[in-house]
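The structures come next, written out as structure tokens.
Same chain, two partners: chain A is paired with chain B first, then with chain C.
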Partner chain A sequence: MFAHLRRSLARHRAGYLFILPCLLVTTVFFIVPLLMTVWMSFNHWPLLGSSSFIGFKNYLDLLSDESFWGSIAFTLKYTLVVTPAIFLVAFGLALLVNRSVRFVGLFRTAYFLPVVIGMTTASLLWTWMFNDQVGIFSAVLMDLGVIDEPVQWLGETNSALASILVMVLWKASGFTMVILLVGMQAIPHDLYEAACLDGASWWSQIRHITIPLMRRTFALALTMSLIGSFLAFEQFFVMTRGGPFNSTITVVHWIYRASFTYFKLGYGAAMSVVLLLILLAISGLQMYLLRDDHE
Partner chain B sequence: MKNNFVLKKLLGGLTASLLSLSVYAQANQELSFWIRASDAGFVEPMVKVWNAKHPNKVVLTVIPNDDFVTKFGTAVAGGAAPDVVALDLIFVPTFAQAGQLSDMTPEAGALPFAKSLSPSHVRLAQYGGKQYAVPFSAESSVLLYNKALFKRAGLDPQKPPKTMGEIEAAAKKITALGGGVKGFYFSGACGGCNIFTMTPYVWASGGDVLSADGKSEVLDNPALRNTLSMYRRMWTDGLIPRGAKTDNGSNFISPFFTGKVGMVGTGAFAIGLLKKEHPEIDFGITPLPGDKGGSSSFAGGDSIAIPAASKHKKEAWEFIKWALSEEVQVEQFAKNGSIPVRSDLADNAYSKQDPRFAMASAAMQAGRTPYSVHFNQLINDANGPWLAMIQEAVFGKGVDAAIKDAQPRFRKILTTP
Partner chain C sequence: MSNVSQPLMSQRWRRRAINSAYFSVCTVLALMFLFPIVWSILTSLETAAEASTSPPVYFPSRFSLENYRNLAAYGQGIGLYLGNSASVALMTVVGTLVLATMGGYGFSRFRFPGRNAIFMLILVTLMIPFQSILNPLFVLLRLLHLQDTQLGLALVYTTFQLPFAVFMMRNAFDAIPKEIEEAARLDGCRPIDILLRVMLPLVGPGLATVALFAFFGSWNELLAALILISDSRAFTLPVMLLNAQSGQLGSMNWGLMQAGITLSILPCAILFLLLQRFYIQGLVAGAVKA
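On to the complex of A and B.
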């Protein structure tokens, strides 16, 4: 077996050398921390003081931790709302900018621009815009006579969630748009020409050519967006701090609290491992559902 | 060959400069000093004075208030603790229990003014019979009121409320002025703000939040019920600006600056701030009252300590001694509108100029401070049980349900070792 490995190494030396830097980075910054996290999750590991091995206790505690499951439920709800929303907006935008009209480059850049801003910065910006005293939304709606007094956008659970949804749509749609745009442009142009000759309308071209041929791109875009939504933290941490009434605490926020407010790093690590497993399961299911039947 | 020579020269130069750096460092130590953002106003000028006079320079790092415990805790765990730290007195037990602060019992006891140091600070600086910090800055909670609005509402500005009922009645009259004027304000999404400004009503009415030893909750008492009910009534009657619900403390005092808020519980720091930045507002301060009179205050502020991992403990202690001197406590702190932590300095040239400072000083001496190693999780955590209780009681399900929900959550945290 080792002889085989040695032969393979010798034959593909250049190839292995090429992937070495990537392998090193992945090992140091992903695999090692991941193993450490798993190890920590089996320990009572306070931020201050010494740690001790406790087996599965953190995981058993997790089972009865209603707040943790509550945060998972909220995160699921958020993900189920935000992922399709981003996808639909991004698909619409991609259709709009996938044409050779004037200034199309400008539009593509404009839609992509919010992606470049950090999530924390964007959250702070929108917190100010949603503010009832100095924010623009309440002021404009009041000037238009739609509302009589300023609205506490972040003060009620549903309006807080909706406000964050609007912010995230603005922030993240551009990224999914670019992925979808690349997929769209990979579709051979003659298919559309042939469809045109057969008298297919714009909508039936999208339905029968664009959408079926973009399944893999859809799978990629949806998976990335879903994972991103499930790991949401900054927007909630900055805009609502988990309020009102602790109704907007995401699972990553809960991990942060366990680790850095309660100083229980081992417990936080156990939550992280559970989250990783949940994400693996969801992504696996998604890949299976969106698999390419022709392969 | 040539390259080799250049490399050697470079290395030689580097070694020489490193050597000279370390010699410099031995002669003039650099002391790292961490504070929370709310202290920056009076600590920055103080550090400037120290650095101008002493060879050991102090390098100041200012940390956002809400992140202080997390940042300091993480730094300590990562071996990057500063040489000196000024932290909210309330958190000293937490870090002392974790063995992260240096024992300064002999040094603190030898201070000539040891007996006149703020008793609340000293009590919270002790853990297991040893002292881990000394007082640094003092802050007592008081009720701040707008005299002009009192006059307009037909109230006597010389006779501020003496009971909780009078506060509510005054808030009603002031709100009735209309034009966006509201009677009362509080930061409804800030746990730390409310332990500071709300619990004094509870204390003055004979109740409490935690037992004296800080080991159990005593939430089920009429004084807390009455206080929360008063807040709830004022909220539902529209006597409080709507923004209060989501204010995480960033607007702790600013609504009062607009001149459209009648009363707000706040710290003595507001006196200096208002005099300096809003001389147009005619304000008074009065103790936070109980339901049938009496008064109380949260004796807060910062304690100063030396992290166990500090490499410059001797120099750090020199700096701390200086921070407690008359030069700092009077000529820096009192001059800029805060209260000295030494009662022997309470009566100073600056406090005499404004009776409001003497009132804040008296509140400090008589004030109370809860003691708990779980303070951050219970009280300051934005998602913790104390704030959840206030939010549910004032804006949500109601007082009884809120207290009932909070009790097991308090107990769960308090029973964690």
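On to the complex of A and C.
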């Protein structure tokens, strides 16, 4: 048995040697931490000092933790607002730049550029633009006579959510636009030409050719932005700090706070497990929607 | 005669009108997307006093580097934080390139028991958000005496990059015809020489894509840096900027913030503008895979 294994290893040594480093790093810094998350969630685990096994207590506490469920509800609300908004804007942009005309490359670049800026940097930038004293939005709206006095856009739950929606649309639409563009360009051109000859209008071409043939791409774009939105952190951490009155705390933000502000690492790990399960469910949905079948 | 040309004329006019409407809409949108970046850069070049004026001035009265001088003197000096971010990013890029090239080559060119299972294991980590394993990573890095070190942070970032990078590199190697290395093997080259001398020059675009993603991922990351680095001398740029903003609420130095934001944006914007082909290729590869 071992002799066989040794012989097999010797024969395939080169292959194993090439993949060993990345397997090792993935194991130490991903697989092990993943298992540790589960283990930690069954422990009382302070930042300093020794941990102790407490069974399901963290999970039982979690069940009655209104702040945690509040953060889930808020994240869900944010996700359900942001995902369709990004999708619609990105689809519009993709339709706009899915042509081979002059300058279209420049337009694509401009719409995509915010994607490569860090979410933290973008959030700091927009916090400043939304500021009531020095921000551009209040100033312009006041000069136009739309508002009478500066508005604290980030100071109230709903206007903060709307403001962050605007920021995220700016930051993330370009990404979804490119994904949709890839799908759009995979549609055979002669379909449109045939439709054109039949006298189909621009809109009916989109309705009857583009949209039906892009279902897979739509599913991909939507689930990717679902996942991204559910993991939202920086924009709220920077722009609202979770306020006012903890009304804009996302799940990741709440895990961070429980773990590194209240030093309850085990409790944070239990929340991480819940977050993990939610995301695996979304990934499962993604795989189901993108499964290879030919209907 | 006129019966024919009139509809033609109006059709031409119609097309011209549609075209100019199209370009106007596209241009206005482009300006909207670029405006925040430009506005921040312009403000960073105002005097400190003007940058903090309320309400804001639309047209700066004069050009000044005062905000950058203030930023240079902020905390331990902006150079330290820029250097921290740059060295973490460099280590992440190099680490990701080395590991993903070896791994991608191994998965593409060698047949060995467990190959598919191990490849799936690495890919599956894509489905698990890194945000859910940060508590154990904090414990683990402390155990390995890597907390507060750039190496530790770079190792973590490298790990987050690996699934995509290995996938990308395996595809890049898959696209190279086998005959090329057969010839080298017949000449008696060792596998590592084949990889370095024959194959590597052929997967340049894949390497560029992987390097870009690794750079952006590392340069822009906040949450892991926030958790794994507590020594203020080891702060990366995003953590430092965040502290600069929350540390001085009330007497916010807005000009200094814009200078910092500009410095954080510039490397990303420049790299993207120069190498966007490779970045977009990465997105496309990810989108097609799914």
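Just so it is clear, the second predicted complex is superposed on the first by the 254 of 295 C-alpha atoms of A that agree within 3 Å, B and C clash if a C-alpha of one lies under 4 Å from a C-alpha of the other, contacts with A are read in each partner's own complex, and residues count from 1 in each chain.
The working rule: a residue touches a chain if its C-beta (ideal position, glycine included) is under 8 Å from a C-beta of that chain, and two chains touch if they have at least 3 such contacts.
Here the structure is a predicted model, which means the values were calculated and not measured.
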Partner chain(s) touched by A:129 [first = chain B, second = chain C, both, neither]: second
Partner chain(s) touched by A:263 [first = chain B, second = chain C, both, neither]: first
Touch count on chain A, higher of chain B and chain C: C
Touching partner for A:286 - first (chain B), second (chain C), both, neither: second
Which superposed partner A:73 touches (first chain B, second chain C, both, neither): neither
Contacts of A:21 with chain B and chain C, given as first, second, both or neither: second
Contacts of A:97 with chain B and chain C, given as first, second, both or neither: second
Touching partner for A:242 - first (chain B), second (chain C), both, neither: first
Chain B versus chain C as contact partner of A:196, first or second or both or neither: neither
Contacts on chain A seen with chain B and repeated with chain C across the two complexes: 133, 150, 241, 260
Residues of chain C that touch chain A when the two form their complex: 22-23, 25-27, 29-30, 32-34, 36-37, 39-40, 51-56, 98-100, 102-103, 105-107, 109-113, 115, 118, 121-122, 125, 127-129, 131-140, 155-156, 158-159, 162-163, 166, 191, 195, 216, 219-223, 226-227, 238, 241-242, 245-246, 254, 257-258, 260-261, 264-265, 268-269, 271-273, 276, 279-280, 283-284, 287-288, 290
Chain B residues touching chain A - in the complex, by the definition given at the top: 69-70, 73-74, 76-77, 95, 98-100, 189, 242-243, 245-246, 248, 376-377, 381-384, 388, 391-392, 395-396
Residues on chain A engaged by chain C in the complex (per definition of touch): 8, 12, 14-19, 21-23, 25-26, 28-34, 36-37, 40, 45, 93, 96-97, 101, 103-104, 106-107, 109-114, 116-121, 124-129, 131, 133-136, 138-139, 142, 150, 170, 174-175, 178-179, 182-183, 217, 220, 227, 231, 233-234, 237-238, 241, 252, 255-256, 259-260, 265, 268-269, 272-273, 275-276, 279-280, 283, 286, 290
Complex contacts: residues of chain A adjacent to chain B: 46-49, 132-133, 149-150, 152, 154-155, 241-246, 249, 253, 257, 260-263
